[in-house]
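Paired with subunit B in one complex and with subunit C in the other, subunit A is shared by the two complexes that follow.
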Partner chain A sequence: MKKIIFLLFLVCSIAFGIELKNIDDTLKSDFKKAIEIMNDKSIVKEQKPLELFKLFDGYFDYSLMARLSLSKQYSMLNPTQQDEFKKQFVANLKASFTQKLGYYSDQEIEFVKGEMGNKNRYNVYAVIKNKSENYPLIFKFHPANKSDYLIYDIDILGVSLVQSYRSQFNDLSKNAGFDEIIKRLQNATADHNATVK
Partner chain B sequence: MKKIFKLIVAFPKAVLAFSLLICLGIGVFSYKLEIDASTQTLLLENDKDLAIWRDITKRYDSKNFLVIAYTPNLGLLNQNSLDKIAAISRELENLKSVDSVFSILKAPLLTNNPNLSISELIEDVPNLSKTGIDMARAKDELMNSLLYKNSLVSSDFKTTAIVVNLKDDETYARFLEQRANLKEFGQKLANLEIEFKKYRDAQRIVEHENITKIREIIEHYKGDERLFLGGISMIADDMISFVKNDLAVYGSSVLVLLGFCLWLFFRQVRFVVLPVIVCFLSVILASGLFGLLGYEITVISSNYIALQLIITISVVIHLIVAYRELYLKHKIYTNAQLVYLTLRSKFTPCFFAIFTTVIGFLSLCLSDIKPIIMLGAMMSVSISISLLVAFFIFGSLLMMLKKKEPKMSFENHFKFTQWCAKFAINQPKIIYIISLFIVVIGIYGISQLRVENSFIGYFKSNTEIYQGMKVIDQELGGTIPLDVIIKFKPIEQNSDDELGEFEDEFGGSQEEQYWFNTYRLDIIKRVNKFIAEREFVGNVSSLATLLEVGKSINNGKELDPLALSLIYTNLPNEYKQLILTPYINIENNEARFSIRTIDSDPNLRRDEFVKSLKADLQKLLKDEPVEIQVAGVMVLYNNMLQALFSSQADTFIFVVLALFLVFVVIFRSIKLSLIGIIANLVPLCAVFGIMGIAGIPLDIMSITIAAISLGIGVDDIIHYIHRFKNENRTHTISSAVKRSHASIGYAMYYTSFAIFLGFSVMSLSNFWPTIYFGILTDLVMFMMLLGALILLPAMISSFYKKQL
Partner chain C sequence: MARIFLASFIFLISCFADDIDSFEDEYATSSFDPLSGYNRVMTEFNHVVYQNILIPTFKGYDYIMPDPAQDAISNFFDNIIYPIRLVNNLLQFKFTAAGEETLRFIANTIIGFGGISDVATNVYGLKRHDEDFGQTLGYWGIGSGFPIVLPVLGQTNLRDLIGMSGDFFINPLSYTNEIFTDDSHKYFHLNLAVKSWQLINDGSKDPELYNKLTSGAIDLYTFIKDGYEQRRNAQIKE
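Moving on, here comes the complex of A and B:
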């Protein structure tokens, strides 16, 4: 029963997504666009991540990611707090991602394959290519709205983004307040502030 | 007993031959006696901190290392200096026992080229051995990076450390582990101990050779520059060298000086040679026995030879003085009669003197520390041996010599003991006032006593090891390591049922790479900062250091948990072992802070430091559900010394009571026994008072001085009262006092003076424990002699009323 309620909730909360059959093609073309953005000398370094987010924002299920990250604690927040958390979470995620992007230079992203993980999951495998090494990347999709799929997690070099966030909160005591949750998130964000090399 | 003495007198040659056979037959095994100065020998076996420490060393890869401190004349970054470091490193790396060498040449210069991205940086890490290095930036990084400042280079950028990582001794570790597992199995354990000992003996030689080779390399490159070797392994090796050297040098010079004193007093070759032979044979027999039993001498028990010499010489001098006295009294007696009478009259006091000394030493066996127990046992055995050897060898040898008129020139010209007797009888009030004064000052001094173990403090400032350790201590981040472990609470999985299968995907067991979270990192940073700001702390390394370094390559922004997860997952194993595994153990959910303390700081109070560090950490993290452990050699040594101190204090009362009971049995007078104990305690009070006031800390060597003092002091008192009672049978108290002073007083004076002179030579050692031991023994001898020759007769005159 809970699952059904949850699915209903998801259906209501999602605006749009990618149809399963289009996922591979969409990503392939978006990766190309991403490389163009990265190589576009007319865009300043600091602006590039923002351009990338514009490209991918549409099929990220930020609500679910925020919720998954906070797990049990999320349901203890009131709706306002949940909204506030989600806002902070997205800011944090973007800042963190932007920063990581700065670790690598001259990289290209390349589509490898897409396959069903199980009946409700679709994974797109890609690699970030560097001069000498390939870094694996997995975009994990779930059916958010019937046939429309959204990303609920990214696996970078074997590290799950959601899992990484969960580890920030999983030792919070049951009676930890909202302030503590936000504080932890802010602590994690504090230094990101869009730093790109 | 009489039968035995008759036997000695009747068959001196057979007795001598038999005694010599035993002494030499067992004595040959003394070559098997080994010196073990490793830290393991000095630890409390049942110390819970030892178990923790062993556990920690097992979990964290902490290599044994030596440090070479190098101060080039031309500056650190001069090409000549760098070439020299490279050449030294190359040669060191060729040594069999050296695992790797780390120096400024290999130090990753992470901020040397700001144009590199992190991925490029990791691909080809810049360091001083590579080309295209910006020297100004390199200097800046070496001086300011938390990784290097005050540890790899000194803050004035003049001195650098070359760290020589030694290969792990896996066999040694395996032995220790097997030994722990075999605790219950007697025979198997015994066999293992034998194998382990063989291995240790062989290993000591290897280690010593290794250090010698490293020293040769250093010597080769030294020139006119400052190049020192230091490190914990070297302390042990140097301690063995110093102890061995001191044993040889001071053992023999004590013997020579004793011989000189004997000549001064007795003016007869026989009374010089005889005691020296007795001393020599006693020591050989005891050492052979210990060698045969597979005992190992530790820094503490290396004292046994000196102590045995003291006791042996005391017994022999009493025998000589008695013989000379009997000779003058009964000139017509044959030599056989004189020897027989000497042995018979001296056996009881000598036996009880040794017996009480054994009680003093056996009190050491009540401590928990193996080397101290060993010292107690070894001393008890060796002085018992001395008693037997003295009577058999002295008796039989003297029998074989012709009767010869003793020369009394010294006694005739030297009236010190008579003066003492007069002073004791005539001025008791002054004596009591002075004694009271001594007791008050003594108690004050005792209250100032502290137990301290400074490794650097063991060596004189002109020794190479001292200078090396001091440079490393003060310029390169400290010497003595200490670990702080923060253990986080296990995490309860937090799951939201409504999330259904997502929860199954993420809610399972936590994988290693997700260990890093802001909460833990925050605690680690806080603890690191807290420790680093503490007094007496040199260098601190932990995950926090790494985070700081990460910040420096990340444009001043902190590495976030995701970045750490990425690093953890993707870092090649060799780097992981270098920078992560020494500081975190994810499996056990804990973080380690590797601290080096500044051992040479005279204000460092180790007990207080360790206790307050732990307490303050607990206060700092009082709201966090974490466990805090402080461990390391420093803690273990401190535990050992504190345990030793308290056990000595606890057993002291017991020993005094036991001595009192023995006195009652020997003297058959409670009053005399009380007087005897008081005459013993006042000088003891003075000795410890002086130690406290002079700031001489009780360490592993000097802490045994109480037992030694009691042992020696009691001897004088037993001999004196025994004699006094004999005299008192036919003389008044004051006359008996005077007569005792004129006879036994000389024996006591000779013994004390000979030992005093003999041990004073120890103050020339380079090893402070030996120096303190010499000085303190001298002080003990002097105070005890005054106690027995002045305070004791004064009290007897005042309070002992038994008249004829």
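Moving on, here comes the complex of A and C:
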């Protein structure tokens, strides 16, 4: 019984999402907090990505992102393999984000607008600003339950994060098995971590 | 009681499990890649060339050339190749953008000392509207064809390769030998030298850009190919 209650609590706490009407305000507020974290000299550089993950983790649907990235191959994996893949995928995603953050720490992110893509999708448009140029960014939300929305993909300069993973896994899975995919993911994560500035 | 909790748990799980098929359409892409074998080899070749020749060259140039000079040279080349942006904006019926590009050219040429200063952006707030013939062909509804990796120049596709040829003829830098020498045949290599200078100067502004973009790729060729196609499609839609 305790286990079931714990599991219920766990599921609720992982994927709380944002109510549709609150998405714009939440992101506007969190973008500001993110800039404050980036500019806060009292936080050491290595700690900054962790602080940002604390801010955004609650409404990222990492599980769905992992599933979409592996596409149809995902359903062919057994539950243990699926868990392993999700773990390595999230580690890779976060390592990639941390590495990129190190390169572009002088940038700011600004909310532009939010609008329904279709009845089950909500897109938040933002721009990453630096000294000379603005880069468009789209946060794509889907309804995780009746009222709460979670992010399932991000477009940067028109390049979808999920699509990028998906293409790579699709090509890779034609010639390689699950173990090779995990190995490549681990290597890529190590590569990211080795080049963090 | 345990059953109620179990039922609630299953209900919650089913709520979170969005219909996965509804996402599949969003990510449908072409996998037509008849040159994939060659492309993979050329991507690896280019990777070695970038790591051992181009990136060290960018770094060396960046070391000896002051940042303001790099910016000035970059502005100068950008201003000179205005005909590419003008023609392709016009061919895509983007008349406002073509007009703004013309104003930019006039401002930068006259007030910006022949284009070395980008006063159009910094003083007059006139935006640059990058368009090339590959984008024009895409705008006209021509598909990308299939991916091709060029030696040194890197990832492209059949449509953009044809587009490059179109841009070649309206790029003033392609006529440097005819403008500045008496014997254009003898000094044909001058065009290549000038274009190489442009490439090195632009590359030196962020010598590690290639590594920043590609580090952590799970499959280098597919990563670059997919990123290129997605980015080009977004540029065509803009």
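The criterion applied here is as follows: the second predicted complex is superposed on the first by the 173 of 197 C-alpha atoms of A that agree within 3 Å, B and C clash if a C-alpha of one lies under 4 Å from a C-alpha of the other, contacts with A are read in each partner's own complex, and residues count from 1 in each chain.
One rule holds for everything that comes next: contacts are C-beta pairs under 8 Å (C-beta built on N, C-alpha and C of every residue); 3 or more make two chains touch, one makes a residue touch a chain.
Values in this document were obtained by computation on a predicted structure and should not be read as measured data.
Novice: Contacts for A:159 in the overlay, against subunit B (first) and subunit C (second): which applies, first, second, both or neither?
Specialist: both
Novice: Just to be sure I read the superposition right, which of the two partners does A:79 touch: subunit B = first, subunit C = second, or both, or neither?
Specialist: neither
Novice: Of the two partner chains, subunit B (first) and subunit C (second), which one does A:184 touch, if any: first, second, both, or neither?
Specialist: both
Novice: Quick one: is A:172 in contact with subunit B, with subunit C, with both, or with neither? Answer first, second, both or neither.
Specialist: Both subunit B and subunit C are touched by A:172.
Novice: Once the shared chain is lined up, is A:143 touching subunit B (first), subunit C (second), both, or neither of them?
Specialist: In the superposition, A:143 contacts subunit C only.
Novice: Across the two complexes, what residues of subunit A are contacted by subunit B and by subunit C?
Specialist: Overlap of subunit B and subunit C footprints on subunit A: residues 5, 64, 67-68, 71, 96, 99-100, 103, 120, 142, 152, 157-160, 162-164, 166-172, 184, 188, 191-192, 195.
Novice: Per the contact definition, I'd like the list of subunit C residues that touch subunit A in the complex.
Specialist: Interface residues on the subunit C side: 1-2, 5-6, 8-9, 12-13, 15-16, 18, 20, 22-24, 27, 29, 31, 211-212, 215-219, 221-223, 225-227, 230-231, 233-235, 237.
Novice: Report the residues of subunit A in contact with subunit C in the complex, numbered from low to high.
Specialist: Against subunit C, the touching part of subunit A is residues 1, 4-5, 7-8, 11-12, 15, 63-64, 67-68, 71, 92, 95-96, 99-100, 103, 120, 142-146, 152, 155, 157-160, 162-172, 184-185, 188-189, 191-192, 195.
Novice: In the complex formed with subunit A, which residues of subunit B make contact?
Specialist: 117-120, 123, 488-489, 491, 493-503, 506-507, 510-511, 513-519, 522, 554-555, 557-558, 560-563, 565-566, 569-570
Novice: Can you name the residues of subunit A that touch subunit B in the complex?
Specialist: 2-3, 5-6, 64, 67-68, 71-75, 96, 99-100, 102-105, 120, 130-133, 135, 142, 152, 156-164, 166-172, 184, 187-188, 190-193, 195, 197
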